[in-house]
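A, B, C and D label the chains in the order they appear, each numbered from 1.
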């Protein structure tokens, strides 16, 4: 059953140096606060997994926490490149970054296979593309009934999955709604799951819609209001598209990036102080 | 896009003699009215697919509509046997019945594979059981990464899927809620989908929960209030457990069964008249 | 706690319910497993999570469902998932601690048959079939089985293996590579059987009050292994009976 | 309808939007495909169903999303499904008629690259990667592609095939066994290219008003095949421009 922990405690207890971590979120509910706490704790040697790595993975890479990234689309959506990701991959700054690259279909199926206790995901994809030539984890299986050849990728089973959700209840059951991406699959596929939430309520259920992830598949629940900012939590606050646009200029230059991270992330003791500083600087 | 049709029209247009039909429903939302209409129209030579064939499949079998049934649990839940199914399978009455038998895990995965455009479903199951010895459609594939041997079954892609749902809107989008079984998968796996609903409303969406099956994957929507009786439609009427218990005595004897079907199903022009007769006879 | 009068069926349900713990996550079959699991939830294991294969997660029915998908199960659940999700993410995904099954036939290695009595193609009795049982038996961390004791149910050789227990005994289950550890206990109306730690053969470890070892042996279709010390199952307490009878009374009232 | 003044980017969006029909079901990429698809929905194809890979089915955004998963998309959708479901049941399941993609590079057989410019391990430019594109390109019944015309985008040889068009031309796509029929049209800021029915090589079939065939040939990194009769794309109508500009104005206002 899930324990209610502070984010600091949850990250230090479960995100060990060198571990494989999936911080999922498909535009919506991206666990920014948790990523910042990993940076604050200086945890390194991580392998990060995410279908759509965006600013928080850019920040983790730029701060030197990451050895390897597995992904299927890495950019600042609608804005442009992830400059820290590109700098690490193209110029080994601040250090080399290994990648394992897939298409969305492969990763979505691989998470689902991981959640399902299967070692492999099969799907009808990748035909005619160059992906198999750069990724040895793309193989095939042949249908024993039709002879059709299907793509096969290993299941994803991260050491730790971290997601953000709207609500949890006192027992640690989690509720999320609207765009849910692969978050439930990431939680169910992981050895350990940490969930940050906007608020703790008496009880959650799905009678008004949304998805329930029950307490017994979660290790830690952390109440972190605004924990997805500048991503969003439907029903709480909208995506701050303006921040995503501003980020392009901050991240483009390594020194500007480092100074920003020092001022806003490292010099803040927690997410609340980080948000206060952003508000003062008119980022919110 | 779905057309609004009468049930009579939808069944006669799409359920052809000899076709393979999945009328799904997992206790909840079982499409009884549609099954009765198939019986009324005397459509024969059917292969029926369902994870949990219950009274409506028993009736279709007893009335001679069915050549073959694929299933994973066939009984009157909490009551006992399906007498007409057993009589057909054990005594070829009213005619022989072929079966293809699976476990729930296999059929649930096979429907999902069918919905996903895959020819095969793989899962971790059937080990140590006798099923593969009586069902040649149980094979295996080997994981190319771990060497683990997984069970493989062909995808299910019925000619016609028929389900019952709570609501549809004018455009033919369908909404169902609470226990949804494999209905969505059956619809998406089928070449043709027919949906009976309790009512037609202006517009449906999933903002208050439930599942949307959009108009463009459905051929026909038919408004049939009480169309799941004696099964239930959450929010409309409860499961009539009393009818399920009474059915045992009706179906046990072939002549009693035949007389009942004549009186209530064949001699009713439609579901409304059927329901009226049941009410008069204190079945509802 | 004073002695009360009770039926053998009540004894079986009470004994089965005691095997469920406060922190259990239990995949519940319909019928006696459902009665026992809900009795546990209303009694000593109030925090237990009950899951039914119709898709209901953490459900708290006030009356016993007649079917695996009664409205009561959805209405009182934390969440409802589709049946493919239930079998993939929850059962096959290893998220269920205890699987609770009934059976028509069982053998000495706790393999069970709910498919057919007699020849498959020309059966003596055609039973309902597998449902979720084969994968409940293979994927839950442990399995509890409950059925009434008789020579026709406890047989030397199954006509069909619907769900595997310890297969041929010894390490034959382990060799299949199944994720779960297999049957932990078989609870009947006469007593309790547990697998021998090495041979995996079912062994009588407890008889219910008023039942003799000989009675159990006589109702078993193979030479039943009996533990050196056979316990006597504690009789149902008044509290246990009150919970069970309330539940059954509410259920009866709801069906009529 | 009188002529109006418009930009080449507006011409491209308008031309792309016209390729979508009233009864289309369209999987929409972010950026120009999203603008064109929503323009169609607000104009001549009011009944079109738009689907975004973030899981939104039949969505009707009032402003253009910056990302593929903006709240606006979920708030205005008939339904939202998980990403694994989107890729399995909807895309791979063959439920989408038209896939609408952007690209960084394209070759004469309409294969596209959004992964990397230069060597994969030591790239000149590392692009975002595949996203949903490879399976959109293979599973939608037809594919529309839109990108700006230049020698750097329309190249003799791709550095990386992210999504397959007609592979090496002729029947090489069919031999891959892909369910969809492949790219139907490439819409650029200069004109419209369509695959030759036999060789599958992209052929210039229309130039936008004021653009010469020579301009298009010069902006293409291979000897561009030109149709015998090259049409002139009808200029955007005032109504089309009004819809597009309203949409863009609402979007600008929402972001600031």
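Annotations
By definition in this document, a contact is a pair of C-beta atoms (placed from the backbone, for glycine too) under 8 Å apart; a residue touches a chain by one contact, two chains touch by 3 or more.
Please read all numbers here as calculations on a predicted model, not as lab measurements.
In terms of the stated touch criterion, the partners common to subunit B and subunit C are A, listed by label. Common neighbours of subunit B and subunit D under the contact rule above are A. Between A-D and A-C, more C-beta contact pairs join the chains of A-D. Between the CA-based centres of subunit A and subunit C the separation comes to 41 Å, rounded to the whole angstrom. Note on chain placement: the centre of subunit C and the centre of subunit D lie 57 Å apart, centres being C-alpha means. Rounded to whole angstrom units, the spacing between the C-alpha centres of subunit A and subunit D is 28. Residue positions of subunit B touching 2 or more other chains: 112, 116-118, 123-124, 148, 184-185, 206.
The set of subunit C residues that touch two or more partner chains comprises 80, 88, 92, 139, 179. Here, these are the chain pairs in contact: A-B, A-C, A-D, B-C, B-D. Residues of subunit B touching subunit C in their complex: 26-28, 51-52, 71-75, 77-79, 81, 85-86, 89-90, 101-105, 108-109, 111-112, 123-131, 134, 148, 178-182, 184-185, 232, 234, 238-239, 241-242, 244-245.
Here subunit B touches subunit A in the complex through residues 116-120, 122-124, 137, 139-146, 148, 150, 152, 154, 206-210, going by the rule given at the top.
Per the touch definition, subunit C reaches subunit B in the complex via residues 30-31, 53-56, 65-71, 73-75, 80, 82-84, 86-88, 91-92, 111, 115, 120, 122-123, 126-135, 138-139, 160-164, 167, 173, 176-179, 254-256. Residues 23, 25, 49, 57-58, 77-80, 88-89, 92-95, 139, 179 of subunit D are the ones touching subunit B in the complex.
Considering their complex, residues 1, 112, 115-118, 173, 184-185, 188, 204-206, 211-212, 214, 216-217 of subunit B touch subunit D.
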